[in-house]
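Starting off with a structure, shown below.
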Amino acid sequence: MTVEQINNKGQLRHLLTLADLERNDIEMILDRATSYLTPAGHAPARDTILRGYTVANLFFEASTRTRASFELAAKRLSADVLNLDVNTSSRAKGESVVDTIYTLQAMQVDIFVVRDASTGIPSEIARRVEPHVSVLNAGESEVSHPTQGLLDLMTIQRHKQDIDQLCVAIIGDIKHSRVARSAHEALVKFDVREIRLVGPSELLPENGFEGAARCTELSDGIRDADVVIALRIQRERFSELGQIPDTAEYFRRYGLTEESLRAARSDAIVMHPGPMNRGVEISAAVADGPRSVITEQVANGMAVRMAVLALAHEHVRDSDGRKR
Amino acid sequence: MTVEQINNKGQLRHLLTLADLERNDIEMILDRATSYLTPAGHAPARDTILRGYTVANLFFEASTRTRASFELAAKRLSADVLNLDVNTSSRAKGESVVDTIYTLQAMQVDIFVVRDASTGIPSEIARRVEPHVSVLNAGESEVSHPTQGLLDLMTIQRHKQDIDQLCVAIIGDIKHSRVARSAHEALVKFDVREIRLVGPSELLPENGFEGAARCTELSDGIRDADVVIALRIQRERFSELGQIPDTAEYFRRYGLTEESLRAARSDAIVMHPGPMNRGVEISAAVADGPRSVITEQVANGMAVRMAVLALAHEHVRDSDGRKR
Amino acid sequence: MTVEQINNKGQLRHLLTLADLERNDIEMILDRATSYLTPAGHAPARDTILRGYTVANLFFEASTRTRASFELAAKRLSADVLNLDVNTSSRAKGESVVDTIYTLQAMQVDIFVVRDASTGIPSEIARRVEPHVSVLNAGESEVSHPTQGLLDLMTIQRHKQDIDQLCVAIIGDIKHSRVARSAHEALVKFDVREIRLVGPSELLPENGFEGAARCTELSDGIRDADVVIALRIQRERFSELGQIPDTAEYFRRYGLTEESLRAARSDAIVMHPGPMNRGVEISAAVADGPRSVITEQVANGMAVRMAVLALAHEHVRDSDGRKR
């Protein structure tokens, strides 16, 4: 059973996957996010709209940057924030995820931010919570990372005019990447002209990613691309890759360098979800160079997380029985 | 030396054990707690009375739910909250508990919420702190968990008229249960008619629990009971239990099911302190069924923790030398 | 390249080492710190000046007390506080420290409080951050712990008239002690009359500490001292110490006791940075006795940390491009 992410008033209730959102829902989120951007060096946007609301960051999978981003977003909106880092092994011994949620819900948590290494947990939670409660997916197995997809789309939009004219190359371990999946979902909603998945054949997905081309050569993959997204490669992968035994060889074949980037358009932007392996999937010169918009991605991520928290709070606020 | 929990103005200073409180002290706490309840789905109660006060959650024993409950309670009262998770092994290497307390006290912590796996630590801390400082026991070895006892009493009172007419059955590992001890202490203050301790003989306590009956058969234990409290059973216990080798056998003999509950009164309520082992001490149907008041316990627990923090703050506020 | 700690308006931007500060810079910090002291038992000082500012506590080395102190200091100044405990092993696998900083900076963190077990990290970060961002050293390898040096100086000043008339004895593992180095740096700025480094020869530093005398006998080292600072000794050190096989022998030779302290001046004060090993470097009677100012050190530490946060915030606030 699919969970409705948009309530019957057209408000964002849950954010689980971009695949089921309409383009105008995404535009609503990004418009709100844009309102939370402030120029570099200026004070961050702040608001009191979540005062009296409780946000629980329920991280069953470790994360530093995504958790920090959601935590600061919630605090800048004046929420009470509860951080719960529950590793999967203790979850196995302890109570079920659903009982944890019921417990926290009884403590009057309004919004759950959930990250989990297995598939389906955020949706399962969304199915079980009371009608006024909201669930935001902060990373789910290899399948979905919607705030990352939104921040990637937002970053591209702020640099390029028309998404439907763009060619976007995503490079690396596409097969296991929730970042790639969510970016693809966001971009196809905006009729991107072309997406190319680039990487060793073992790391290219057989299914999904409708309409995307596959390339095993970097030079083919990024030729005339407007946007180049490098993904983090896990060191554990090299044991599965016949022809690429180590990071040095990976860098030689798929690393973004000033030289390899010459195949892309001269105004191409370079993105990376972080954390970066400098010298593996990207050179330091590119990461810190003029095409890189990597720190902008982080700033846009803050704005996106403030936006989804602020929008979800409107659902909570307006729910029947929610008197404030 | 016993530590006085009530100061000479009749205010709650420490909460260490329910055994030494008077019935009217408990009523004072529960009255305050009731004032912090809001209907399900409504916004949580909030107050600014702890603004400028500092609450330190000093957890020497891991806890997710009790810590979350105290943390949110303190935040909703506008306290500055400091979470310190100090595991016992690092405590062994590091400074003494008392020095940790002296250090935090010098940082002007006003209220310590302490959880510890050994006996006597909360009282020891209470004996050592300055006169204006308050100590709240958040779980102490197998002997005391007073906020749990209070929330259990509160939950029963909200469903049943007169405690002195009630029969309460507590089922499971009574011997090692601070939850059972604190529930017993609370209920006898209110002249409960009957308490029955139900479980395998190895898990029934030889001493303490004055006036309580022991039963090794579930059907005897819950016959005509008004309140049935299931306790969490640790898997480690099964090695000590001659006739109950595993969770399946435990469930068969002591599990609360719709069938086994037929022996209780038809209006009996079912409680559990959490986290639940569904299918071990309680069936999912009972846990989620109409007799279950388990999530109410959690909500009442929030209210109880807000109440004891608010009352303790009055001691701090009114102490000599405390000018605000 | 040395990093400027004072900006061109004379404001404290970074706090990395006391060695490069002028005496009047230190006086500026201590004056501010003094304004944040309140009498024992009174409510802590609070201020709203950091409202809207974000402080990240980035602890690559574990700490309970220093982190608690910085966290409470930031909260009492109304900052949004982000705690990041990143152990060194996960740092090795993950992104570089500099990328972590760039990421947090893009989330609009204003002030970084950094603790690290290796040398040079706080300065390296200070070199890389944007002009409006501030970095405060919360403990760096064996070389620097400037807020500790400041709180030690402040504690001495509050008990003794003229630093240039004082003899200060520091006892223990001087060689590996950032506490000793920062205390020495602070005291020489104020023309302390005499510093004596006292301990087993293996634990006395060969270099640095200009002007300080070395003593291997406790009675010589503390003779007529006005101030006696005991350092924590790590149990691991005993394997390196030929003549001192265990804590009992260490206590016999270097432990501060009422008896050994008779050699010091009758009005000498006793200090310890904590956490204490009672019965190893200091007896319980001395730690809790009338000469001890150890809990005052903690209270002064809170005030010092509030002061450096408040001063650093003035740099952030007044930086070009920082419009609030």
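First chain written, first letter: the chains are A, B and C, and each begins at residue 1.
Throughout what follows, a contact is a pair of C-beta atoms (placed from the backbone, for glycine too) under 8 Å apart; a residue touches a chain by one contact, two chains touch by 3 or more.
Just so we're clear, the structure is a prediction, and the values are computed from it rather than from any experiment.
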Copies chain B and chain C - rotation angle from C-alpha fit, nearest 5 degrees: 120
Classification of the chain A:chain B interface as same or different, half of numbers criterion: different
Approximate Å spacing (C-alpha centroids) for the pair chain A, chain B: 40
Chain B residues counted as touching two or more neighbouring chains: none
For the chain B and chain C complex, residues of the former touching the latter: 52-54, 56, 80, 82, 84, 86, 94-96, 99-100, 102-108, 130-132, 319-324
Interface residues, chain B side, partner chain A - complex: 38-44, 46, 64-65, 68-69, 71-72, 75-76, 274-278, 295-299, 302
